[in-house]
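First the structure, which I've put down as structure tokens, then a few questions once you've had a look.
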Amino acid sequence: AEAQREPLLVFAAASLTDVLQQAGPLYTKQSNVEVKFSFAASSALAKQIESGARADAFLSADQDWMNYLQERKLIKADTRADLLGNRLVLIAPKDSKITLKLQKGAPLIEALGPNGRLSTGDPDSVPVGKYAKTALGNLDLWAAIESRLVRADNVRVALMYVARGEAPLGIVYATDAAAEPQVRVVDLFPESSHAPITYPMAATTSASAETASFLKFLRGDQARAIFTKAGFTILRGAGTAAGSAPACSGFQFDVSKELKVFESKPREVAATTAANSAAAIDVNQLYSVKLTDQSKVSFATTPGKSTVADGSYAGLLKITSPRTQTIRVTATEHAWLDVVSGGKLVESARHTGSANCKVLRKVVEFKIAPDQPVMIQVSGSTEQQIKLAVTTI
Amino acid sequence: MMLTAAEADAVRLSLSIALRSVLFSLPLAILVAWLLTRRRLHGRLLLDAFVHLPLVLPPVVVGYLLLLLFGMRGPIGGWLYAHFGIQLVFTSAGAALATAVMSFPLMVRAIRISLEGVDSGLEDAARTLGAGAWDRFFTVMLPLMLPGILAGAVTAFSAGLGEFGAVITFVSNIPGETRTLPLALYTALQTPGGDAVAARLATISFTLGLLGLIAAEYIARRVRRMLGR
Amino acid sequence: MMLTAAEADAVRLSLSIALRSVLFSLPLAILVAWLLTRRRLHGRLLLDAFVHLPLVLPPVVVGYLLLLLFGMRGPIGGWLYAHFGIQLVFTSAGAALATAVMSFPLMVRAIRISLEGVDSGLEDAARTLGAGAWDRFFTVMLPLMLPGILAGAVTAFSAGLGEFGAVITFVSNIPGETRTLPLALYTALQTPGGDAVAARLATISFTLGLLGLIAAEYIARRVRRMLGR
Amino acid sequence: MFSIRAKKRRDGFVLDVEIEVSSPGVVALFGRSGCGKTTLANIIAGLLPADEAHIVIDGVALEQNGKSLQAEHRRIGYVFQDARLFPHLDVMGNLRYGEKRANRFVPALQGAPVTPRRELPRITLDVVAPLLGLEPLLSRRVHQLSGGERQRVALGRALLSGPRVLILDEPLASLDAARREEVLPYLEKLRDELAIPMIYVSHQFEEVLRLATHVVLMDKGKVLSQGSLDELSLHPELRAIVGPDAVGAVIHGVVESLDGGTGLANIRVGTNELRIGLRDAKAGAHVRTQLLARDIILATSRPDNLSVRNIMTGTIARIVPDDEDTELVYVDIGGASILSRVTRAASIALGLRAGLQVWALVKSVSIRGHAFVEGPLLKSSLPRA
Amino acid sequence: MFSIRAKKRRDGFVLDVEIEVSSPGVVALFGRSGCGKTTLANIIAGLLPADEAHIVIDGVALEQNGKSLQAEHRRIGYVFQDARLFPHLDVMGNLRYGEKRANRFVPALQGAPVTPRRELPRITLDVVAPLLGLEPLLSRRVHQLSGGERQRVALGRALLSGPRVLILDEPLASLDAARREEVLPYLEKLRDELAIPMIYVSHQFEEVLRLATHVVLMDKGKVLSQGSLDELSLHPELRAIVGPDAVGAVIHGVVESLDGGTGLANIRVGTNELRIGLRDAKAGAHVRTQLLARDIILATSRPDNLSVRNIMTGTIARIVPDDEDTELVYVDIGGASILSRVTRAASIALGLRAGLQVWALVKSVSIRGHAFVEGPLLKSSLPRA
């Protein structure tokens, strides 16, 4: 038998504690390599890696801290992949009578009662809170609910507040809700109401050779069973081996047409800053869109994602004559997409995405009135140059 | 250095919460310290252990325990709410409570040491002059313990300014209500690129603590002079 | 109650880290307390403030600062590693450092109070008998401060058992290396259904702290008797 | 009046005393360093739990049958060997501390018969401050006082606290003679006019002579002897405590007449008459004085032309050796005994022997008479004479 | 030998003294409570910074020109008014604390001429323990000691620390007479044989008489008078400090002969001879004694048949009033002055007046002679006689 090798040290977001502690021993059994996990807040772990921690891999609860490390060249970019997805849910204590459909104008405040508070992570710093803020914003509920928030330190605490009945409602991940018998899911947030919830993983630059095999194991069936059982969604990219072809899997509907369009050669186009002069593009054609500073853009309608960090990019495009009632807008970068038709914001029908798919980051489907000009507002992009295509079904 | 509105809020909150926590726990701490120095008290060790609980447990756990007890559904919190309409969880009053609980052992320890340092001969002298236990306590022990009490209060106040885990767990991190300096600092640190803000807040924290120390030092010196040391 | 291997590990780590932190910081704390009571020392207030820094800052921030200073890329940590091969960050030694830093102000305070309680007449007596400053310090002050030192050490040890924020931030949460009881407790709390484990761990924490207290009480009583109080 | 029985075992030391004094007055605890005086005083004050104690003072039970009154309820003004002033108060504050509690309610010992409390006179700051020379110190902080000043403040504080009994543990040891001379008359006044019983611990015979109505001689935790000062003054153990120069018979007399011009009083002592300086006495008053053995000169014939004003005739009762070279001669002067120390050489030269008639000479200035007012306090303690 | 100048201002109190004593020996600080004795002692010991000080003892500069030796380098054995024993050590530990540091290296004051250090004799525990009666206490804890026991331990500790000078702040105040009698001879020995200079603070004239070679009379922070005890013994202020009974001339004499059988020595004092009890003196030895004014009996004719062995002839130099009813008579006995206190009545009866020849009588037992060994220490302090 093989001699015991150096154990792996994996830094993982605290919210992955449960599943990884189950997965770790399985890997050890199969490879005879011990895996040690250090669970803490993603922020702390990222900074520790920056300070020279000899971690082999990092599993973050959000993209931000992974980006932070990537910018500093502390992870092997080619090993980065989105492993897991999650859903945002509204929960209530098990015995609560509250029923609610999460949509615009939903009586969320009313459901809280006169003094009740809505528990979630701190929207300023905790990932679950950030997602909740976006989602509530998109449902036009944020402004009313902001002052009624309980801003927990992490998602587990937010969950506990609801489980203990201290807060009548809470917003947590589906996985957390599933694990806590004292709470009940009131409703899932529409996927279109927030950016996809993804857990990226990557090997660090100082990773041992063994790391790749462990990351591969996490994408394998054994691990997948654990993740699925815990309520995570397995992102498509997770199926393919790290470092090989783009991990473009795990989408929730068929995106083969979009993938195909994205393999073609892009046309250059510059998005404009005013609605009346929006640059016209064709459908089923890949574009490389140049955006401008968001602050310079005057949108036709206020973008759905109401608050956007400074320094992000935006721009306006239009399609003159779509022949169908369903279009999909697909973009590579992490940007917010709004479709305006007939002067009104069109709500997305459904969306899918995969942060680890190099080609397709986000596919959003809209139902539009046929033969009406359609305006596409791109906002909140972290990159100035994005790839974008509008496809018809 | 001008403070932003949010920072000013956090400073104000931190000060008021630390102060409230000290004021609330001081009399209790003196009492407990006194009880703990009486050799013959039954269950002294148990009381001692109970007082030290917040010291040996991680703050987050203390926060959880507080939530269990003082939450609206907790036995004490529920009762308080039902009878007095007092809500502790998610309020600054709750933050003060959590802070008080966390710094309580420090306060008791400091006071106890100074209590033990008081010459028992002086208490004897007061007895022969007709001072009963409480009288003695207030007229002899308390003044002579003053340096220790002061030290305990300052320690508690300073620690209160930095209290984090128990507070964030018990009352969460609500701007204007429970987001004290350390919580604001933590929030900043959780944001990539928040380091500059964090540094600013840390500086404010530190300055406040320093000011408190200077004040305490000044008072302590006066007290010591008063006691003729 | 039988401990699982992981729990035993955490207990062992916690005890050793708390102990190392006390042993490491005790002499320094005595020195600093002594310096701080010398009225004429320049920059005394600054030293005082510096010592109190960990008290007024949230533990997580202290952890970050330690990471910045003692990390492998930090000025001190880098130097230590380059010249002595000493690595503090992510090791139990680092955990002891973080614990020591956090409990340092408590220790200094306790020692200082007892230092101020020592009758200066006795120091005078020792002077006339020919004892120089250091001699006096070791043969008169130190023994008479013993109760305070003991109290300070116990406070620090107990607080060390519960230290969380600074440790997890500075040395991460590595099983067998830096996952002390409070970190294990935190880890358990992150796991659905981990409450039972967390409760177990909290009980262990508390028991350990209690045992320490009892031991300290016992020693303190003997010391006091020795000093004829 | 004082009925005290106490047992206390400490490592290497056992206290076991029984003191019974039926008349009020001042009980002097007398004994060598370490004999247990302070220990006993603490037990009486209720500061030290005895293994067994029965303490009744002035008809008030403080401790008996295993029941014990709290120290703060005993109304005992205690002046400690070390002053124990409150460092956080100034001198005035210390004095007021006692004064404020002077009128406190005091419970009786459970099960003890409630004796109607004798009305205790109020002693006020106006009286105490000038008497003890405290006025210039009133606003001083305690640590700014000299050793003697501290002791005076402590005495004042105890006096102001409305005590039923005063316990004084060597209160004058650190005072100079002049200050002592000033304080002693006030202690006498306390005894005679205010009738405050006292327990007085001292090494100074002079103080005991002036104050004590009853003396308890202690040694190694036991009572060696107790009784009136007259009896005790002849006790051999005394010499070791007070020194050879303070040995001498204590005698009582009655003032026959006073010479206002010279300040001398004629005192009848037994069949003899003594002339001593005593300004404030009245005819008929009782006077107590000690004739130091060292001061008594013996002559075998009546001497003249001496400045000595006091010549008593008597008969030698017995002669005992004092130290190597001196002897103590007991002379019966008719109704009283006096002691004279003579060198052996002189004894031989004069042919002193028991039964010999002698003239005992003593200078008036050598005698300090202390007038006793005939108050209720002292009547019973006065001797048969 | 002692050259001490010190100024110190405290609130409400100003110390300003200058003490110059050229010969070695024992300097007694004498003065009423609160006059600044302890303050001065602390300045000399280096424990209290003076505003201005010049302190040279035994040729060693301790403080001058603004430079000051640390207290721990002064080699001053200080017995405090309060014993200040170390509570964490037992009696043995306290004694050893001094002993261990007895041989320490001690630097000289910067800029001071380095005088060759007189070899100080080593005092060991074997000597000190029995002398002070410490053997049964050695393993005791400090809080188990009585007041007197503490003081003895403190004295022992100071002696063992190899002091160059001893400062004793009322060290015997809480000791009984017998214990005092035991300790005093040792202090005399320290002075005479070991030649350890001392600064002795006391209220007791008896102690000062036996020990002091130089007396400093202080009042309100100032030196009222200083000099030999003979001179000071006639100082009127003394009465307030020691009390009227301790007033009396201090005289010097030389032992002429000794009677081993009676233990009496014949002492030549001026033109007269005194017989006093003095066992240990040798013929030719110097003797100092105080003749208390209260003990001196004056006669206008030679008396006989008295137990009094000492009859001196002399002439009345002057008569001064003492208190209301008494007078102090200065009698010149040829080469020395003595003091007698007589009642005014007697003075009138005997017709005392300046110039009158008188016989002064004093009992031998009334006189305590103290032999002075003719060591280098005392030679210069002895009087002209």
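All chains are identified by letter, namely A, B, C, D and E, in their written order; residue positions are counted from 1 within each chain.
The criterion applied here is as follows: contacts are C-beta pairs under 8 Å (C-beta built on N, C-alpha and C of every residue); 3 or more make two chains touch, one makes a residue touch a chain.
This is a predicted model, so every value here is computed, not measured.
Novice: Going only through chains that touch each other, how many steps at minimum separate chain D from chain E?
Specialist: 1
Novice: Can you list every chain that touches chain C and also touches chain E?
Specialist: Chains that touch both chain C and chain E, as defined above, do not exist here.
Novice: Between chain B and chain D, which partner chains are common?
Specialist: Common contact partners of chain B and chain D, which must touch each of the two, are absent.
Novice: Ranked by contacting C-beta pairs, which pair of chains comes out on top?
Specialist: By number of C-beta pairs in contact, the leading chain pair is D-E.
Novice: Taking CA centroids for every chain, report which one is farthest away from chain B.
Specialist: Checked the centroid distances; the maximum from chain B is E.
Novice: Indicate the whole-number Å distance between the mean C-alpha point of chain B and the mean C-alpha point of chain C.
Specialist: 20
Novice: Chain B to chain E: how many Å between their CA centres?
Specialist: 60
Novice: Provide the C-alpha centroid distance between chain A and chain E, rounded to the nearest whole angstrom.
Specialist: It comes to 97 Å between the two C-alpha centres.
Novice: Chain C: which residues touch two or more other chains?
Specialist: 60, 64, 186, 189, 229
Novice: Mind pulling the residue numbers of chain D that touch at least two other chains?
Specialist: Residues 82, 144 of chain D touch two or more partner chains.
Novice: Quick one: which residues in chain A touch 2 or more of the other chains?
Specialist: Counting only residues that touch two or more other chains, chain A contributes none.
Novice: Provide the full list of chain pairs in touch.
Specialist: Contact pairs between chains: A-B, A-C, B-C, B-D, C-E, D-E.
Novice: Spell out the part of chain B that touches chain A in their complex, as residue ranges.
Specialist: 64, 67-68, 71-73, 87, 89-90, 168-169, 172-175, 179, 186-192, 194
Novice: So in the complex, the part of chain B that touches chain D is made up of which residues?
Specialist: Going through chain B, the ones touching chain D are 119, 121-122, 124-132, 135-136, 139-140, 143-144, 146, 226-229.
Novice: Which stretch or stretches of chain B touch chain C in the complex?
Specialist: Result: residues 45, 48-49, 52-61, 64, 105-106, 109-110, 112-114, 116-117, 120, 147-148, 151, 155, 158-159, 161-165, 181-183, 185-186, 189, 198, 202, 205-206, 208-210, 212-214, 217, 224, 229 of chain B touch chain C.
Novice: Write out the stretch or stretches of chain D touching chain E in their complex.
Specialist: Its residues touching chain E are 10-12, 31-34, 38, 81-82, 136, 140, 144-149, 152, 170, 173-181, 203, 239-243, 245-246, 259, 261-264, 275, 277, 279, 293-295, 297-301, 303-309, 324-326, 340-347, 349-350, 352, 361, 363-366, 368.
Novice: Touching residues of chain A toward chain B in the complex: what are they?
Specialist: The touching residues are 41, 43, 46, 64-65, 67-68, 115, 117, 119, 122, 124-126, 149-153, 157, 160-161, 164-166.
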